[in-house]
Structure formats: structure tokens, C-alpha cells
Amino acid sequence: MSSTKRGILERLNAGEVVIGDGGFVFALEKRGYVKAGPWTPEAAVEHPEAVRQLHREFLRAGSDVMQAFSFYASDDKLCNRGNEAKEKFTGAGINKAACDLAKEVAAEGNAITLGGLCQTPTYLSGKGKKATQEVFLKQAKVFVDNGMDFLLCEYFEHVEEIEWAIEVCKTLGKPVAATMCIGPEGDLHGNSAGDCAVRMVKAGADIVGINCHFDPFVCLEGMRKMKAGLDAAGLKAHLMVQPLAFHTPDAKKQGFIDLPEFPFALEPRIATRWDMHRYAREAYEIGIRYIGGCCGFEPYHIRAVAEELAKERGKLPKGSDKHDMWGQGLRMHTKPWVRARADRKYWETLCPASGRPYSASLANPDLWGVTAGNEDLMQQVTATSEEEIKKLIARKA
Amino acid sequence: MSSTKRGILERLNAGEVVIGDGGFVFALEKRGYVKAGPWTPEAAVEHPEAVRQLHREFLRAGSDVMQAFSFYASDDKLCNRGNEAKEKFTGAGINKAACDLAKEVAAEGNAITLGGLCQTPTYLSGKGKKATQEVFLKQAKVFVDNGMDFLLCEYFEHVEEIEWAIEVCKTLGKPVAATMCIGPEGDLHGNSAGDCAVRMVKAGADIVGINCHFDPFVCLEGMRKMKAGLDAAGLKAHLMVQPLAFHTPDAKKQGFIDLPEFPFALEPRIATRWDMHRYAREAYEIGIRYIGGCCGFEPYHIRAVAEELAKERGKLPKGSDKHDMWGQGLRMHTKPWVRARADRKYWETLCPASGRPYSASLANPDLWGVTAGNEDLMQQVTATSEEEIKKLIARKA
Amino acid sequence: MSSTKRGILERLNAGEVVIGDGGFVFALEKRGYVKAGPWTPEAAVEHPEAVRQLHREFLRAGSDVMQAFSFYASDDKLCNRGNEAKEKFTGAGINKAACDLAKEVAAEGNAITLGGLCQTPTYLSGKGKKATQEVFLKQAKVFVDNGMDFLLCEYFEHVEEIEWAIEVCKTLGKPVAATMCIGPEGDLHGNSAGDCAVRMVKAGADIVGINCHFDPFVCLEGMRKMKAGLDAAGLKAHLMVQPLAFHTPDAKKQGFIDLPEFPFALEPRIATRWDMHRYAREAYEIGIRYIGGCCGFEPYHIRAVAEELAKERGKLPKGSDKHDMWGQGLRMHTKPWVRARADRKYWETLCPASGRPYSASLANPDLWGVTAGNEDLMQQVTATSEEEIKKLIARKA
Amino acid sequence: MSSTKRGILERLNAGEVVIGDGGFVFALEKRGYVKAGPWTPEAAVEHPEAVRQLHREFLRAGSDVMQAFSFYASDDKLCNRGNEAKEKFTGAGINKAACDLAKEVAAEGNAITLGGLCQTPTYLSGKGKKATQEVFLKQAKVFVDNGMDFLLCEYFEHVEEIEWAIEVCKTLGKPVAATMCIGPEGDLHGNSAGDCAVRMVKAGADIVGINCHFDPFVCLEGMRKMKAGLDAAGLKAHLMVQPLAFHTPDAKKQGFIDLPEFPFALEPRIATRWDMHRYAREAYEIGIRYIGGCCGFEPYHIRAVAEELAKERGKLPKGSDKHDMWGQGLRMHTKPWVRARADRKYWETLCPASGRPYSASLANPDLWGVTAGNEDLMQQVTATSEEEIKKLIARKA
């Protein structure tokens, strides 16, 4: 950390609002650099210019944190089910490249850097604490060795696994944030959201919360429960939330992965910038001070968060030089009826149509109800065979 | 043009499918580099790295054409209604920078370059043929001087104005393509789609068609009418289509600009990659051989077009190294029910839910019914005043 | 006809608005007296009290015409595909009972009586003009013998068949009305709506129009085409329309029968009384003076038509003693926010929600594309066998 | 009660399923005999033939109980806010006429008769226990004097008021049923559904449950809570449910009255017969044995309940002579693709479209949040004035 840059805890302890970034895997999948399915981040090595550009866009949008693009970059994931990423790269190589890019762009602004761990095939396959913590340690060390300012354990569905991850991170002397991909119903082993928060703090996390799997408003419902759990336990911790930018009122416990539209037909669910204004305000009012995004968040979503909280933060993001809040840029439109939309009330109250009259508004999620330990969740190095796929398709129908 | 690169007409005359790119203004607005309202392309000068990156993504996605990012970069637009772009840059400066970026990235692949003109405030304000053609000539010359391989007149709502533009381009010795932003109902002066096609060809266009304003399927309906018009007139021309990536079955004559969601709440209308497979196939079957996209088209939409026509083109785009067609990449997903979606039929038949139960599926467009010549459409250099905006908002309500 | 009661043509020639009744088979199916599938009217004999009551309700609602409940009461239909109605009753017996009920209730008000013929299995099975006209004559004679004031040929999908029916009716010395169950696309043999109108008038109909199969607004689109066809041919005739009370914007040529919801899940499509105000006004403005309803029209729908045209007719229906227009009765509600809905604008602009977030707004109709003469449409006396049903279900899937 | 007819408790104690009737005020409003707003039942005197006919239809549909049509027939309601019913009739006169009709039709089948009390303007205006119980006693006595077999306190929003009603009924020596119009959230004073059930039983009710205000599935959620409350308190009582036939997933605590569609645009929310099959089955599985309907239930909805439980009851309703379960009557349809719908799976899985692409699926209810005691709920004899209405409309907007 440069001598002048203030760390994550300094900022949060001072009561500042810290704005996270958006979702790299989804954004880069649409740009052509990440494969949906494995979702692994070899682009940091293969196409650094694309990753660098996305970092810059989030920086412009107001992000205070540059998280190294290392999602799922644990060795066991890079070779899972036929993924060839590990043959070409090492996990360590990807993670180092990701750190370099994060540091490079962070230096262009006042941003701090972050290295993140997430759930592992090792845990999902039931290989136990020791094996799982080894995977975590290997990845976390790269982050520390490459100068990341703090660590994040994110995207965990089982509180037991994130406790193991937090324990590992705590040994490395950096501030630790921890977010689970759970909703108001709690984790997949039946632990309530409040209990999950308590256990994360007890395991050593400085900052706790929720990321991914649900839309902003469902996540905030979960955050209220986490906060209530911490209050009831007399514990203090900073709160953090990084939801999806997809509307998921119909998702059940496992979140958007169960929705039939995941991952290739989520478009009609994408949140607008106005949804993000409301999200940022509600998150702030709950007392959350680390506010960011996950899958689906594009730079303009983060900018909307930064714009909504401009007063509280005492500044607008750089990217607002290309955006006048609440549609005011439309004053320059050539058509008079579009200029008439340069009006906050217009955008705040609009319920946007889908243009899809043959689509319903909600969907019935797949509910296979399998959790860690279940045989269906055993991961493997070999590619999914034709026969396996046919069986799964038949089971679905 | 390099000695080995084949030109646009060579390719089309040989019966090849040429794939266009997607929509720069909308994509770059979301990335933070274009302001909605004026929609002008000063990013070519201000943030060349962002424009270059988007070109590269379309190239990877399969685009054969790199169109210089010069939308609305005519001098009269750069200073319209308080736009300050002209104070900082000249139109010529922006257009030249855009050409440089297009050439640079085109050279990284086998792409050809394109310079595009579009409708002007000068015409809209009723200033006549001479004034309007001067605006066109000024911009088109920059394209030719900077080595663009061919010219495009696009996004015209009045066939009279595009005729003037084509005439200007024809004097410059390059192949000329011409697309209007009209639907099956024809142009804003009441000329049918078929007549528009005929007039564009008679004015000298080598390639004619439709771009922007409507979704792929509405545009193809218009293209069928254009083709029928040409056939009836005994005329031959190459066909080209570059639609929106937003569903607009409810748009009337003026297209998506009238929809209440334009431009900040169009998210639920965004097309999926599967919509694009269907679009590419239908366009091909109509006989259209220049197939691209406009506003809303992200790189993955273009890649879907290239993948659908991979057999006809004899190749997959580079970006397909991160995409297995029809969801096959999901075979590497950790969850079994998501692996079960590695299935073409699943994605082809899915009607995606919007996750927005308080939204309708269709919207009533604004229908102010004003066209070129109408006083409401007079453009001005001064910014829209508070009073003017209040009047417009009141008129809308 | 009583000496003082004025006939249908007297009324229409005087420029009066004549209000028809609603749909007996659908209303009585919900009340438990008609079986969906055969849709035959043996209730006139089995449960006269139920039929009488429904007549009374329509009379109270403002109907000027009591149509004998004789839909599909031709002998060939009463024994079609396992229908046992013919074993218990004769067609003549049902038709006579229906006439008696119509006359009885008509005498309670100022109503005139009507006997109606409709399409026949004989025609559908391709048995030719002579056989078909015999079926018509048999039924029409009962109407005349039992004193019906005028005759109606309704619910025909092929103009050829309705011409045959009109010819038969014309021989009986009563005014003849004729309505086809077609939409703006015309009949099932490809004749345009305009041509159908012309042919019905040329065959002798005094009143022509459209009934059933489509919603009010689609039917009115068809009526505009019929009117234009008559005008172009220099023909004069009274116009009549009796649409569905179900919204069918998604129905194709064969109407609501093709919609997946037909006939047991049409509920979400039921029109409100406010839809009927709009329908009545638009029908009136087109110049239609015989305005009624078909399937789905309940008494309150007819009352809404009568209320909308109260000024033109110089009277309110009796049933309005239990209905204050535009929600004014809500002034007596106990809850203040419901009293606030005693407001015309509120109801005129409301887009009612379906309460069904898992339903789409439009459906894809079955489009088997079979018309008269096609083998699939051969009718038979024997019940549909298990095997036949299985084959049909398999063909559908 | 005839010597051979078995009473309500005999039936329920023997474990039989008792089927209630449907909603008279809504059905008769559509037929033209009840005014929406006051919703009072003077039709029993004015149009006995209409009331009798509706009783008969429910009897045919399978109802075991004929409830006298006396909803809201307390004297204080008959003269509330300008209702003129009391000037023409006495409450006692209406109640007696209603009893006569119920008895007459009950005698045509094996039905038992029921007199029902409901919430009063007296309570809502805060006039206290004594005044309120006087209103109840006056009405209940008429039921007993006219031979109703048992009594029902229904449509109460405050458990305190229904306790007062139950107490009054208990003094009259008849079995007492009691249902509140509450959902899973409990009553308007904040008492949980479980507590409400306990208090009703403790006040003396033999049968307890829920009616009106919510759709079948929301009501069953409330019933589960009532059952759990009774179980926890160690109390035994028969369970009864009579929900709306309108889908109301979006209604909040006060139910469908708050929905913007109430009462004149509820059509798209009407349940299908297939919804009722599911409702009947789920209610039965919860252990509810008195299963009926409220507003929106037409005879065919009750028939569907009776058909679903035909096996448990050992009989089909009479009305099933015009209905073959699961669409089997469609085997007699003339069109082959409609015959293909004679298929249980088809109807069980269909999500019916609304035909209204400009409507959303859910609505935001009015939430004025006023409950008994609030000044806004004071009732009055004088009609709502113009000024009062204008104020309310302005407050709403």
C-alpha cells in the first residue's frame, strides 16, 4: 500500500462509503473473454488488455476497490470437468497476472486492491477441512505476495466452508472481508443468515455480508437479517453487499443459478440504473458502507450507485462527465418527446415493459435440492460425457 | 486498402456473408464514455483505449467490418442544444481519430473499414439540400482522406435526406451502402419501405437496407418489403440489415425512440444470443448477406450471428474459443441441473421471464407525430432552458 | 308479434340502436346446464328455469332481442361424436322449447324474438348444398312456426355455407340477419371480410356482420373491412356485431378456439365492463346499430353497452337500478380508499393485473390449418375412441 | 331440520367433507341484482327468482349448505352512506325472505341451511360492544326464528368483533361457525392468525377458519397458521375455508379490497376450475373438512371442488351430468385440436395467458393503513358528498 493511500478499514472506520466494483465474469463473457460454464479467469493472462479496460471502466464509474480478476482461479477449478485452463496456465500464474492488472489500474486512481477466494470443488466433493484449506492458502498467498491490500472470501454457500477460508486468510495479516452468496433463507446447510454473519465475525472477518445469487432487494433483506443477528449477539462488524444486477424475486434458496434463464437468457432481468439508485439508498439506510455489485453489474450500474451517494461521499465519479443524473442529458436530444424525459419522476416511477408478450414475469426455478456432500455434487477432472449429459437432461424433463 | 484484402463488393459479389459490428454509442454509454442525449463520439479522441477495445471485441466476435466510431459526428450535431463537444474538438478531428482506430484494429484481422454518415440537425431544421449536402461532404471527405474502404449512409428517417447523402458519397469513388432507420411502415414522409429501397438504389447505393429503430424481426419484415420493392422495380442491389438488440413489437413508426423505456430503461427488452441465432438464420434466408447490429448489440450478439452462420461462412469467429454453441460450455458447470441445460432445445424454446411482476410486456409509445419540417424539430445551439423542459414535460403528461 | 311491438327492421331503419344479448352456452356452462364440447342447448327442455332466468337477466341488462336458446340444435349436431342429446330429445323439441322461453320473457319487456341457425357438421363433413340446406330448413321452420320475429344465420366460418343458410331463410318471409365468426383476415376459404359482407347481402341478408371468435376490438376491425367492402360494392345493409367477451389479440384466423386456453382457462381474458363501454362507443361510431355479445358476455357486459349508449337510446336499462355508472356506487363503500375509486378516469385508465405472475400475456395458438373438406374435420356419430384421442394428443405435443 | 337430515356437526364429526356455496353478492352483481358499493341483499325481496336460481345452481354444483342471502343485511348497513335499501325494506324483512329461499331450495336436495352475520358499521364506527351485539342479536334471531340449521359469523377483520358475534350466537342454541377475512398476517389489530383461531374457539365457535379477502392459496397459508395455533393451544375445532375465486398474491393485509382492480376490474384474476381442483385437494390435505367459496366463486368453481373430492365424498354432484372431468367433454368437439385437449395433464399444467399485453401481472395495493377506530372509518347515514369524494380522489392520487 502506498504511504498515502488509506486502507479499507481506515476508510470504513471513518464512516466513509466504499464502493465496490461490478461482475467481471459476466461482463467479460459478453465481451468474449470468459467461457460460461467453467467461468474461470484465464483472461488475465490471455487478454490482459480486456481485463485492464474493464478495471478502468469501474474505476471511472466510482469503484474504490480494484479486485484482482481471480474468480474461481483455484487449481481444482481450473481443471474441473474438462476445463483445459490448467493445462495452459497455473492457478498461481493467473492470480499473479490478475494482481498486476488490479495494481496497475488502482494506481491510476485512489483505489485499493483486493484478492478474493471463493468456494471450491474440493469442499463440494466432501474432501474435508485440511484439503480445502490447502487450496485456499495456496491462492491467498499469491494475493499477499503480490501486494493486495486486503482479502475477500466471497461466493460461499456453506458457512462452514467460509469459516475455513476466513481462518486461512486471518493467518496472513491482512484485513479480511467475507460475503456469502445466500439470501434471507440462510445457507444451504440450514443456518440462518443471522447465524452466518455471527459465525463469519467469530471466525475473524472484519467486514461481513452477502454477494451474488440474488437481486439487490433480496440481498438487502438478507443483510437486514445479518445485521439483526449481529446485534442480537452483541457483535460489531462492517457490513458489505455486492448483489446481482438481475431481478430475482422468484429465486428460491440457491438463487439465480436455479432460474431457468441462468446463464444465457437473463437479459430481461437486467436491472436499470434507476433500480441501482434505489438499491444504493436502501443499502446506505440499513447502515451498509461497503456497497458494490456482482454478476450483471456493468460500469453504469456502479456509476449509478456512486451518483446516488454523491452527497454522502462528497464527490461524483469521473464517469459522470458522460452522464447527467436523472436523465438530464436528454435535454440535448433532438426529439422533443425524449427531451420531456429529462425528468427524475419519469424514471423513478417507470415500470419498464419487456417487449416479450409470450414471456411470463416470474419463472419456476429448478429445485434439485442437492447440497455439499450430495453425490450429484462430486466434481471430477474428466469432461462430462455424452451419457452423463443425456441422463441429466432426461432427469430435468 | 491492402493489396490482399478483398473489398466489400468483391465479397458480396462472391456471395459471401459479411458480418457487421454492433452498436458503439449504446455499448460505450454503459461503459462510461458516451453521453446519452447528444450521443456524440468524442470518445475517439478522449478515450481511444475504450473505443479500440470495443473494436477488438467485435473483431473477435466475427465482424468483418470495422466502422469508424463517428456516429453523429457532424459539426452541426456536436454543438446542438448545449453539447460542448464542438468547443473541445472539431468534427474533423473526431472523425480522423475514429478512422485511425478502425484501421488499427482492422489490421489485426482480415477486416475492412467503413466510414458512416447519418441524419443531420441541418436537414431536420429544414435548411435545404445545399446546406445539408455540405455537412455530408465535409464528413465524408475525412473518411476518404483517411483511407476508409467504403462509405455508409445510415440512420436516416427520410428517404429524401439519404438520397442527398448517397449522391454526395457517390462523388467520392467508394462503394456506398445505405440503410434507413425505418420499419415495415416506411419513412416519416409516408414513403413505403419498398419505395425507399428503390430510391436509394437509383440514387446510387450499391448496398441497401435498414438499421436501428426496431428489433431484428420487425426490421426483417421491413427488409422483405424492400426486397419486394426492388424486385418489382427490376432493380438489383445487395441487402444489408443492422437492427436493434431490443425487442420492440410495440413500437410504432418512429421506432424505439418513442417507447417509454428509451433510452434508460430498455434492459428488459435486450435480446438474448438465442434471439440472434434466429435473426441470423431468417436474415440469411431472405437473401441478406450483410448482417450486423446496431444499438444494444454487444459483442456476444455478433458472435451468435457468426456462430449461426459458421457453416455458410466456413469458419467460427475467434471469440468462440470462449463459447461452445448452444450452451455446451455448461457441461463444465459444477451444478448438475445447470449441466442439464447444455441442450440446444432448452435454449431454443425458453421464453425468459422478466423478474418484474409489476411491469407489463408491452408499452404505449409516445406518438407526437412530428416529422422533419415541423417546428418542434427545429434544432438550436443553445442548451434547452428550464422553461422549455417544463413545457415539454407538461405536454407529455 | 304484438300489434304494438316494432320489428327489427323498423327499428334499424329508424336509426335506433338495437342491443343484442350475451352468450348463452358459456354462461350456462358455468351455471351447470350446458356441456362444453358438444355445446348443445338441451337445457331449454331439461332446465327451463335456468334458461328463463338468463333471458330475464339480459332483458334487465338492456337487450332488445330475445334469441331462442337453440345454438347448434340441428339434428346432426345433437348426435355428433357420442352426444346423447338426440336420444333424449328431438332437435325440433329443443327448438320449440327455446322459442317458448324466448317469447315468454320477451313479453315481459319490449323485446323482439329471434331464431338462429349456425354452421353444421353436415357442411363440415362435405355433404354438399342439398343436404346442408335440408338441415337448415328443418330448424328454421320451427322458428317460424313458433312465431320468432326474425331469423339469424350466425357463427359460420365459410361464406359459402352462410349463403346457403341465408337462401333458406329468405324463403320463409322473415327479416334475415347474418353474422360470420371471422376476423379481419376473412373466412377459412380465403374470402376477405369485405367480400363475405358483399356475398351475404347479395344472398339476401338484411343485416350483416360478425359474431364470436374474436374480442370486441378485433371484431370491429373486421367490421370496418366489411363496411368498406359494402361501400365499394355500392351495397347498403344494416351492420351487426356480437363479439366475444374475451381478449384475443393473439388469436389467428380461426379465433379463440385455437388459443390454448379454450374453453376451460379463458378466465384471465374476460373483458371488464369498462372494455365494453369502449367497445360500444367504437361500434356506434363505425355506424353499427345492432350491438350485442357472444361467448363470455354476461348480463353486466350487456348492461355496460346499454349504459354507454344511454344517451343515444334515450334510456337506461332496468338493471341500472343496481349500477351507478363509472363506479359511482362505490360512494356507499365502507372503506375510504374504495370510495376514492368512484371516479370515471380511474376505471377508464386502469390496466388490470392478472394476479398470475407465471402466466404470459399472449399465447401461441394451435394452428392445425384444417378447413371444411379436410379429412380431420369429418364428423361422426360414434364417440371419439381412446385411440383417436391418444393420436390427437400425441399429434399436438 | 327434517328428522332425516343430518346436521352440520353430525356430518363433520363423522369425518365427512362438507361443501359450502359460492359468493352471492359478486355473482348477483354481475347478473344485475346487487349494487357494488353497498353490497346489500335486498334482492331476496325484490327478485327472489334470481336468488332462488343461484341457490339451485350451487345445489346442483354440490353445495351441502344453503346460506341465506343476508350478507350485510344489518340495519346499520342498509342505511349507510345513502343506501336506500332500509327505506324500502327492513333488515328483518330481507333476512326472513332470504331464509325462506334458502329453505325452499335446501328442501330440493339434501342441504342444510345457514344464517350468517358479518362485520358491522356500528363496530367500525367505534360504538362499542353493547351497541354492536344488539345489531348481531337482532339479525341472528331472525335466522333462528326462521329455522336456519346453524349460524355463521363471517367476514370479520377484527377478532374482537367476531368474539362478540360468536357470544351472541352461542346464546341461541345452534352450532356456530366463525370465519375471519384475514390472511396469514392475521387481523387488523395485529393478532396472529393462530391467536384469532384460538380466540374464536374459546368464544364458543364449533367451526373456525377464514373466508373472503384472499385467493385459495393465500387463505390456505392462513389456515395452516390457524391449525398450528389451535394445536399449540391444545384446542380442537372443525376447520372451514371459503376463499375468493380471484388470484391475489399481491394483496397485503387487507386483502383484495386494496387491490386497484377491486371491484370492477378483477376479471383477469378469476380462478379457473383447475385452480379449484388444486385448492380442494390442498385444503383436504390440511385437514379442512368444510370447504366452500366466497366472492368470485361461481357454480362451476364449486362443482370443481366437488369433483376433485368425489372419491372422498363417494359421489359426484348433479351438475356433473353436464361436465366430464378434466376436459373429457371435449371429445365431442368438432375441431380435432380441441379434442386433443381432452387431457388432464394439458389443463393441469397450462398457465393461461391474459390477452392483455399492456397489463402487469401484479399490482401495488392501496395501503391506507386505517383500521377500526380510525376516523376515516366512521360510517354515516348521509350519502358521500361531492366534496368528500373529491378529497378522497385527491388523497389517492
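Residue numbering begins at 1 within each chain, and the chains themselves are lettered A, B, C and D in the order written.
Assume contacts are C-beta pairs under 8 Å (C-beta built on N, C-alpha and C of every residue); 3 or more make two chains touch, one makes a residue touch a chain.
Chain by chain, the UniProt names read as follows: A, B, C, D = Hcy-binding domain-containing protein.
All of these numbers come straight from a predicted model, not from anything done at the bench.
Across the two candidate interfaces, A-C and A-B, the one carrying more C-beta contacts is A-B.
Distance from chain C peaks, on a Cα-centroid basis, for A.
Centroid to centroid, with C-alpha atoms defining each point, chain A and chain D lie 49 Å apart. Our note on geometry: chain A versus chain C, Cα centroid distance of 58 Å, whole angstroms. Chain geometry summary: the mean Cα position of chain A and that of chain B are 32 Å apart.
Within chain C, contacts with two or more other chains are made by residues 250, 351, 357-363. Residue ranges of chain A in contact with chain B, taken from their complex: 29-38, 49-50, 53, 56-57, 60-61, 80-83, 121, 124, 215, 246-250, 257-274, 298-300, 303, 319, 322-324, 327, 329-343, 346-347, 350-363, 366, 368, 370, 376-377, 379, 383-384, 388-389, 392-393, 395-396.
Listing the residues of chain B that touch chain C in their complex gives 351, 357, 360-362.
Interface residues of chain D, counted against chain B in their complex, comprise 250, 357-364.
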